[in-house]
Each structure stands twice: as C-alpha cells, then as structure tokens.
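These notes concern the structure reproduced below.
Naming follows writing order (A, B, C and D), and every chain is counted from residue 1.
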Amino acid sequence: MTAATRVNDRLAMPLPATISEAIALEMERDPTILCIGEDIGRAGGVFGATRGLQERFGEDRVMDAPIAEMGFTGMGVGLAQAGMRPLIEIMFVDFVGVCLEQMYNAAAKVPYMSGGRQRMPVVFKTAGGCIGSAAQHSQCLWGLFAHLPGFKVVAPCSPHDHKGLMAAALRSDDPVVFIEHKALLLKKGRDFRHHPDVPDGAYTLPIGRAAVVRRGSDITLATLSATVEHALSAAEDLAEEGVSVEVIDLRSVVPLDTATVAESAGRTGRLLVVDEDYLSFGLSAELSMRVLEMLGFSALTQVERLAVPDVPIPAALTLEKAVVPGPEMIADRLRRMAKGS
Amino acid sequence: MTAATRVNDRLAMPLPATISEAIALEMERDPTILCIGEDIGRAGGVFGATRGLQERFGEDRVMDAPIAEMGFTGMGVGLAQAGMRPLIEIMFVDFVGVCLEQMYNAAAKVPYMSGGRQRMPVVFKTAGGCIGSAAQHSQCLWGLFAHLPGFKVVAPCSPHDHKGLMAAALRSDDPVVFIEHKALLLKKGRDFRHHPDVPDGAYTLPIGRAAVVRRGSDITLATLSATVEHALSAAEDLAEEGVSVEVIDLRSVVPLDTATVAESAGRTGRLLVVDEDYLSFGLSAELSMRVLEMLGFSALTQVERLAVPDVPIPAALTLEKAVVPGPEMIADRLRRMAKGS
Amino acid sequence: MVAMRAFDEACLEALRRKAIHGELHVGIGQEAIGAGMAEALEPEDAVVSTHRNHYHALAKGVDRRALLAEICERAAGLCQGRGGHMHPFDPSTNFSATGIVGASLPVALGYAHAFGMRGMDAVAVGITGDGGSHTGGFHEALVMAGARKLPMVVLVENNALAISVQFDDVSPTKTVAERAAAYSALGLHVDGTDVDAVADRFAEAMDHARSAGGPVIIEATCHRFRGHFEGDPEGYRSKEERQRLRETYDPITLYRQRLTTAGLFEDGALDAIQAEEKAAMKVLLSEVLDMPMPDPAGVLDYLFVEEVPA
Amino acid sequence: MVAMRAFDEACLEALRRKAIHGELHVGIGQEAIGAGMAEALEPEDAVVSTHRNHYHALAKGVDRRALLAEICERAAGLCQGRGGHMHPFDPSTNFSATGIVGASLPVALGYAHAFGMRGMDAVAVGITGDGGSHTGGFHEALVMAGARKLPMVVLVENNALAISVQFDDVSPTKTVAERAAAYSALGLHVDGTDVDAVADRFAEAMDHARSAGGPVIIEATCHRFRGHFEGDPEGYRSKEERQRLRETYDPITLYRQRLTTAGLFEDGALDAIQAEEKAAMKVLLSEVLDMPMPDPAGVLDYLFVEEVPA
C-alpha cells in the first residue's frame, strides 16, 4: 500500500473505525483490557466503534451486556480491583443517571479512599451531543463529570485525537470518562476540518493538553468535541471579514489546560468559551474564571461564553438550532465581540 | 403560652423539628402532599425531620420506603403526573447516583418536554455536608443539580429559612431539590448565629432570593447552607481586626440571586465565594462569572473562591478540616484578601 | 391494529420527507399488543410507555393528530415540538413515555399509589421491553408494588431483542413472566402476535390488578419487523430471518386469516378497511406537514412554571 | 466470633474516646456469619462488603491492626486515614467495601468475571443486608451472574431491619433466598446465629459457585443488637425487644452452650479465651491511639496516579 492510498483509505474511514482500531491495538498489547457494553459485541456498537472486536478477541473480552448499567459499571470497578483494565460503554451519556453511583462513588473515589492502594484503570466510553434526538438523548454532561473529583474527562474532536486519546485512556491508571460526539461518529475522516490524518500504529496523546487548531490574533475561542468543527467554520467566515480567530481544542475537561488558553487570550485580549453542554455551573464559567485568575481580572477586554442556555434540548430541529451553538451562532457572537472592542 | 416562653421553646427546638413542622402545616393545607423515603415514617427520619408525620397523616401519606431510590424517585414523578405533590426523601445527597435518572431525565425535564402540559410539583429533600463521615457521606453536590436544567436548588441555613423555604418548595409547581445540611440538622435554634426566630404559623419565602445576613463594607462574602454560620463567625473575628465583611446567604443555587451579590460586591469592590461543594465546575465559578458579567470585568479589585479543592472528602477529621472551609480557613482567606488590596 | 400500522407507516413517510430528526422507533409487527390492550383500558387508567410508544399512545386514546404533529416536531404537536417521538406526554389520557429503558415502571408505580390512595379502581400500566426487564428500575418498581399490592400491570413486550442483544443470551430465565414469584406478582404469558389472546390475557391482568390482587407481569412475545430504529443496519440478523418473521408472525395477517377462515369478513372488506386507514393517515400526514414549526423565540419557555423572583 | 466481637467493642471504645468521627456501624450479634464464612474463604476469593464490614474484613484476613488504625483515622491505617470505617480497601486480600447500599454486588460481579476469564476457581462474595436486596444493583448483578453462570455468592445478612424499616413491611417475599429462581441461582437459607450451620451452608454455597454451578443467594437470618449506627435513638424498637434479642440470639452464647453441653470445653476455658481476645484488643487499641494522624499536607495525594501534564 502506498502512502497515498493509505491516506485515502484513512480519509474514507468512518471515525468509529478509527476508534475501534485504537481499542484493538491496545487489546492486542494488553490482555487485561476487556470491553463491556450494550450492543458492542455482535453488532459492533451502535455507531460501529467496536466493530470487529468481538470476533477478534472473543466474547469474554468483548461482552454484550444486558440493559443493566448499574450492574456492568460496578462490574468495571470490580474488574479493575481484580487487576483488569475494563472499558465500560454507556451507550449515550444521557443514561448515566442509572449508574452514576458506581462511577462517582466508587470508580472516581476508590483510588483516593484507599490511600493510593487501589488503582482504578477504567475507561467509561460514551457518546454525547446533539443530532436531533431531543432531551434524553442529546446531552454532553462533561461539566457534570468534571464537577465530581476523581475522573479524567476527555472529549476529542479529530480522528487523530480520538485514536491517541483512546489509547492514552486505556493505558491510564486513572478512571477516564471518554465522551465521543454522535455527530462526529457519523463522519468520515475526510469530513473533518482538522487533523483527519491518522498514523497506522498505536500512539498516545497526553490527556490534559489542549491543541491550538487555528492560529489567530484577534479573539481566542476555546471549545471541544464537535464544536471545534463549528468553531473552525466560524473562524473561516470571520477571517473573510477581517477578524482573526484563534481556535483552541481543549480535548479534555479534566485536566483542563488553562495555560494554553490563557497564553492565547493574553495575546488576543479576548476570550470566548463555547460549550455544547449546559451554560451554567459548567465548563464555560470554570475555564473563564481560571483564565482570569491566571491573567488577572483586568487583563482581558472581553470574556464571553456561549453554551446551551439551561434548557433541556428540544425535539424540533428548529428549536434545537436555537439553543445549540452551531457555526452561525458562533460566528454571530464572534462578530459582536469584534465590534464591541 | 407567653411570647417569651414561645421564643424559648423555639430556641430549644432542634432544626429537624422546625422542618417537620413546616411539612405538617403544608400537609394539613393540601391533601395532595405526601412523603416517601427511607426511615421517614416510623422512625421520623434519621435526623427527625419528619417526626410525628406518619402518626398524624397515616402510612399512605408518609411512607417508609425500601432501599429502592430509583423506584421511589420515579414513583414521585408518577405521583406528580397523577396530580399529587410528593416529597421524596433521598436520605443523603451522596446516594443520588442511584436515582439521578428519574430526577434529571424525568422530573427536571418533563415540564419542558411536555411543552408545559405536565407540571412536576416534586420536592426532593435530602441532606448533604461534612460531619466526619468520609467520601461517600459528606458531599453537597448542589453544583451537580444546578448544572442540570429544570431543578430549583435550595440549601437554607437558618431555622427561619428552612421553614419558609420548605413551605415554598412544597407549594411550588416546579421540581425543587431541597438540600439540608447534616451539621445544621444536629443543631437547636439557639445554636444558630442568625435568624433562629421562627414564626408559628405557615409562611413561605421566595425561592431565589439571597439574604444579606451581615452588613459590611470591605469585602463581600457569598455562601450558603452551613457555611453561612462559619462565615458569620469569621466575619466577627475580622471585625475585631478592623475588616468589615458583608455576608450574603444565597439560600438557593437555582435561581441564583446574582443581583444581590453584585450590588454588594460593587460596593465593597471585593468578592469571596465560599462553597462546601467541590471547587471546580460548580457554584463558585458560576457566581463569580455572573457577578463579573453584571458589573464588568474590571469593576472589582478581587474575586476569590474558597471551596473543597477537588478531592473526595477524606475520612480522618484532621484531613477533612484541611479541605472543608471552616471558620478559620475562611477568616484566613478574608485576612489575606484584606491585606492584598 | 390496522390504524396503528398505518400510523407508523405515516411516520416512516414523514422520516423520508425529513420531517423527523433523530431516532425513530416504530412498532410495526407488535400492533396486536396495542390493539389487545386497548380493549381493557379505561380512561382513568394510566399507561407509561417506552421509546417504542406510538401504538401504546393510540391504544390509550391519545389524539393521533396531536401525536403525529409532535412526532413531526410541529408547534401544534402534543408537546409543542419539545418532546418529540420518544417523549409524548398527555395528561388528559394519563399517557406518558420515556426514552430511558426501565424508567417507565417506577413512574407507573407512582400512578398506582395515587390510585390506591384515592380509592380509585384505576390501574397503572407500565410497559417495558425484554431488555428493560434486566434494569434495576424494573426490580425496584416491582418490589414496591409487590409489597404494597399496588394496582400495577407490567407489560413486558418480549420481542427477543434489545437492539442487537438477544434475550436468551442475557436473561437468567427463559421468560420474564416466571420472575413474577420474586415479587409475589401474578405472572402471565401471552402470544403477542394474537390480538384476541392479548385482549383476553390483558383483561385478566387488568382485572387482577383492579380487584386489589396486586401487581401483574404480563409478558407478550412478539417480533420486531424493522430495525431497532430507522437506519439500524441490523448487522445482528439476516434479511432472510427478518423476512421469515414478517411472513410468519404479522399480527394483521394472522388476524385477517382468522376472520376470513371464520367467515366473518371477506378479504375485500378487510382490504378496504386497511386502504381506508392508510388513506386517512395520508391525509392527516399531509395536514401535519403543512403545520408550522415551533417558534424559536419561545425556546426557553416551559422550563419553570414559576418565575424566578426579580 | 470472639475476636470479631472484641474488635467491634474496641471500636466502641475508640468512639467513646473520640478517635472515630462520623457514623460507626458495628456487627455485634452477627459475628457467627463472619466466623462461619471465614472457614470456606480462600485467599484468592474476593469479598465485597457493606457499611457493616469489620467482621467480614477480619474473616477475609485483613490485618486487624491496619483495619483498626484506619477506623481510628490514623496515618498508618489500611487506607492512610482516607477511607475510614465504611471504606476499607485491601487489594492484598481481595477485600473491599462500600457505604452505598446495594453497590457491593456489581463490584463482586466484576471479580467473578475476572476469575472466570482467568480460569481461576476463585469465588466472588458480594455481601448485602436485607435492605440491599431491594436495590436495583442487587437485581442487575444477579441477572448478569445468572445468565453467565458466574462464580458469585451473594450473602444476604437478613437482620430484618434496614435502619428502622422492617423487612416484612417492604419485601414482596417472605425471604430473599426464594427470589433466587428469578436469577436461575441457587437459593440457600441458614440461621445466621448458628456458626456451625453458617460454616456448612456457606461452604456449600462456595462449592456450588466454585464448581461452575453459577451464582448463589445465601440468606443468613440474624439480629442486630445495637443501633443501626452508634447514636441511633432506635425509636423503632423497644429496649425490651432489643434485650430479648440479645438474650436469645447471641451467637457467642449459643456456641458456648453447644461447646459446654457437648463437654468439649469448660466455661472457665471459654471465659479465658474471651478475656484474652479482649485484652489483646485493648492493647492493640492503645497502640493504635498512639499512632499519628495523617499529615494534612498530603490531603490532595492519591486523587490521580498520573500527573496532570504540565
């Protein structure tokens, strides 16, 4: 295979195939890794992100679970305590209300409660985000996990980052909540605006480091997950209007790479945090405050946040569009910020 | 009974007795109110906050539930849909991971999802806070509920507010999470620094209005629940040192009374938000940002936050004291702020 | 049954016309359950359904125009376009649903307790699939209903699949009904492709619950003819298998055969009924598609009933 | 049993001396279960316990000095004072616990699957009280263990009370063991005040699970002699009732009677054993109380293993 056909194959590859490749490479490396979740085995995942794994690694290591999230999430805790490295899939992050107990009172706290005696290498893989599926199937909720100490919380955008961060999550000795975005899971490599290139072998990326995905000098825009794509699109529009936007992909909510954002915002003087999760008591306020705490409260001329305005996601797409930050909404806000300088 | 003996009785009254009185008055008024929870009936609640209610209103209206929080929380949703006004007690807020599903995907969202056709008058009564009970029995978690749209989130401090806000919660047509503090539940009226006086009859307080509980001119301190008591104690110390601290009891996290805090901070120029919940992605950043957004980012000379620094609550009291903001920790921070002006 | 089938076919058409976004779960193949239960339901009874809820809603008497309008995300929908197909709420018929598996039963428990307290002889019907029978919510609701002998009927639609996961692979028991003993509940089993059998058995279940006999688990075996949701690649079963199910177990075909064999109806008459329902739904759909979308200006409405104090 | 009783009595003394803060749940009256299970437990077996866990920990071989030091919040405690009495974790003996009712069983399920995968003949024991048998976690763990025939023993300590709530008032069944059929599990019942009976029955349960027979529910009826937690006003039962339980069902007294009746031991010898354990625990407690408290400077340690990248 030439490099060119390889790249072409990669570009034609749906994001879920990249994710399952990352998992497969790790499962090959480490026989203690196993996956449990609904429809991840025979069906290969509702988005295909575990396709082929059961055939390859067998039913014990890629287990189709009944709809018993409390049961199999706690099973993940027990498996980790028994020396395994489970990946537990909660199909959609919205369902976490049935099993948060095992996630936050056990997985996230056991390492601390045990005084460091018990490690907890569990990956909670789940999907969030809006694709028209209404209030109970559209949330992001990374702000919720981030509020509860003990989780690392990852939400990548590019195929490249999905592969590297999934590998890092599976190798981490800490519990990691890995939140994919449904809209991204429906994309192929070529549909991504940044970093669709994915190396073949296994590699990891450090969890907790943001990436500047577009350089700019007028406004700093920090976001993550699918919104990075929208932000890049908005930044392109704004560039045509003479406004230069620096776009930062946070990649994880915990750890939160404040330094990278602060460095950029210090340069541009303006910060916009965009979040597909709910506005209040979440990422946008925390990141804004941390940047201000780092730079001083009068260091920036503008600090704004754009997020879902504290309502459940409505069913009608016309309504969803009115609350979820998309390219137009982001561009509008950037425009207003640029004018209001 | 003379007014004097009445006041004395009130002062000798444990806070839970005031709470159960509030519930009783509402249950008398409104036959659709009923209470469900573990140990709330025959035992009258683990803190006594429902004492006497079962004898008075019968087993159907004050029901001892099995340890099946998902079951009886969902039952609350169904009862509300059937035209009742349930109060559901989750003994400790830490347990919410087993039933959050029914709270946030149903109770909090049904009013919106139904386009206003279905009201959801449910009170989720629970207890939070640190009294030496370690990682799984010490959390506050109001930041978690506040991040999820659709709840009102109340956490009072004084006996007076507990009574008035419980009545308001029971009369509200919106779902209310009512978070008591275990340390306060162990107190009598006379142990409170502010507002131990409680009128006899039923009364309500508006949900969403903060109270200035101590006037001051140098620093604004905003907090809620048991920390109000610690803040008042710290403010007394600081007063002796010549620093005048204004203390605001937020009383609720949703709605959050930013205006009252901003008015005060605008006057003093300095804001300290103290929170017994976890520091990050919670109340302290949200309130700070809202105040800054309201006043402008350079309106204040200092904005600081003091909260549990993102670790589970450790078991040892010596360790707990090192992470939970108490009077000394608050006083220290105020002192540093006063110096750093 | 025929009306229910026609309704879901209209939904498929609406999906093709891009009037529905997000997941859509239809009940095609399972309509005998809806039609059978409809006969025993009284207006004051409550039904709490699942993600696959259209035929249950129709069985409970939810207005089909408002329902279809909701599914098509219209302003005049049952929930003004906020709920969508998985979350119809109709207080006027005591019908509601949830998109979270297993979450329907605790809610039904609440209705059951309310009915008990009020001394009504209404029954709360909580519906779940086979997949939902493994959830903690199933257990907790039945523990409470069993201990308190509440008037609750748990209808388990066992189509042997939870998305791709086969019931036999994950259930510790051969049936769900046999677990009834663990809750001191009555366990019933019925062929969910036989509308007459469902009507009889479901009536028996309702009678039991209505007459203070305590909760009932009624398990109706059935088959899902389409993907779990529209667009499901169905990698977990073959086309042939699906075709075989359709040919063997279509409740409408089976019922038609019974009616014609018994000489009660002729094929022509039955064809006419089906054609009529189809036509009516076609008209309704086109009316619905002409309705306006919700106004984005009101997107923040309905979060709270009471205003936040100023 | 005697050592377990002495251990919990030392905890009570530590509480009186204000070395323990927060809730304390002791197992006084239930020690026959701990002692009986100890006999059948192998080092590689796992035990996942509850809020009432001291005697289970001792049964599993957790070091009692480290355990007592943890309960007394010392730096040299099993978990360096971070866990406390409800959250002891000892990877070296495969012992852990949780303060959340019902949460122990899913964790045990994880051990059971790991043992199965590795082809070990170890068994995972998940412990719960009667109260925990009503939780969704109980159901979900047993559904999965039953369907997969995992080597899991669910030990239900039925002391007829969940804090104040009587089992009979909230359970749909007379026993928990009879619910085993719903999970294709073996259901066993034993008098949890009779140490010999527990040892036999528990061994049977472990053998069944160890030999790939699938999960077992073993229900041990017993009595809690003290409040749910220390300080519990126990408004839900009379002093006389509690006294009666103590007098009738003390497993230590019952076992002593058996030993003396059988002429195996004399009262004096048994008194001596008890006195010895008491004295040993007294010494241990005073040593523990002399240990330093955890250093607040390290309060943020152990949250994550891996450093946050700079």
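Things to note:
Keep in mind that, in the parts below, a residue touches a chain if its C-beta (ideal position, glycine included) is under 8 Å from a C-beta of that chain, and two chains touch if they have at least 3 such contacts.
All figures in this text were calculated on a predicted structure; none of them were measured in a lab.
The chains that touch subunit A as well as subunit D are B, C.
Looking at which of B-C and B-D shares more C-beta pairs in contact, the answer is the pair B-C.
Taking each chain's centre as the average of its CA atoms, subunit A and subunit B sit 32 Å apart. With centres taken as mean Cα positions, subunit C sits 40 Å from subunit B. Subunit A and subunit C have Cα centroids lying 34 Å from one another. Residue numbers of subunit C whose C-beta contacts span two or more other chains: 79, 81-84, 87, 98-100, 103, 134-137, 139-140, 143-144, 147, 169-171, 303. Across the assembly, subunit B contributes residues 65-66, 68, 70-71, 94-95, 97-98, 101-102, 105, 112-113, 134-136, 149-150, 310-312, 314-315 that each touch 2 or more other chains.
Shown here, the protein chains touch in all possible pairs.
Those residues of subunit B whose C-beta lies close enough to touch subunit D in the complex are 38-39, 42-44, 46, 64-68, 70-71, 94-95, 97-98, 131-137, 309-312, 314-323. Only residues 21-23, 70, 73-74, 79, 81-87, 98-103, 131-132, 134-137, 162-165, 169-171, 235-236, 293-294, 296, 299-300, 303 of subunit C touch subunit A when the two sit together in their complex. Subunit C makes touch with subunit D in their complex at residues 134-140, 142-147, 169-173, 178-179, 181-185.
Every residue of subunit B that touches subunit A in the complex is listed here, in rising order: 70, 94-105, 108-109, 112-113, 134-136, 143-144, 146-150, 253-254, 278, 280-286, 288-290, 292, 297-298, 300, 303, 305, 310-312, 314-315.
Here subunit D touches subunit A in the complex through residues 46, 48, 77-83, 87, 89-91, 94, 96, 98-100, 103, 105-117, 124, 136-137, 139-141, 143-144, 147, 301-306, 308-309, going by the rule given at the top.
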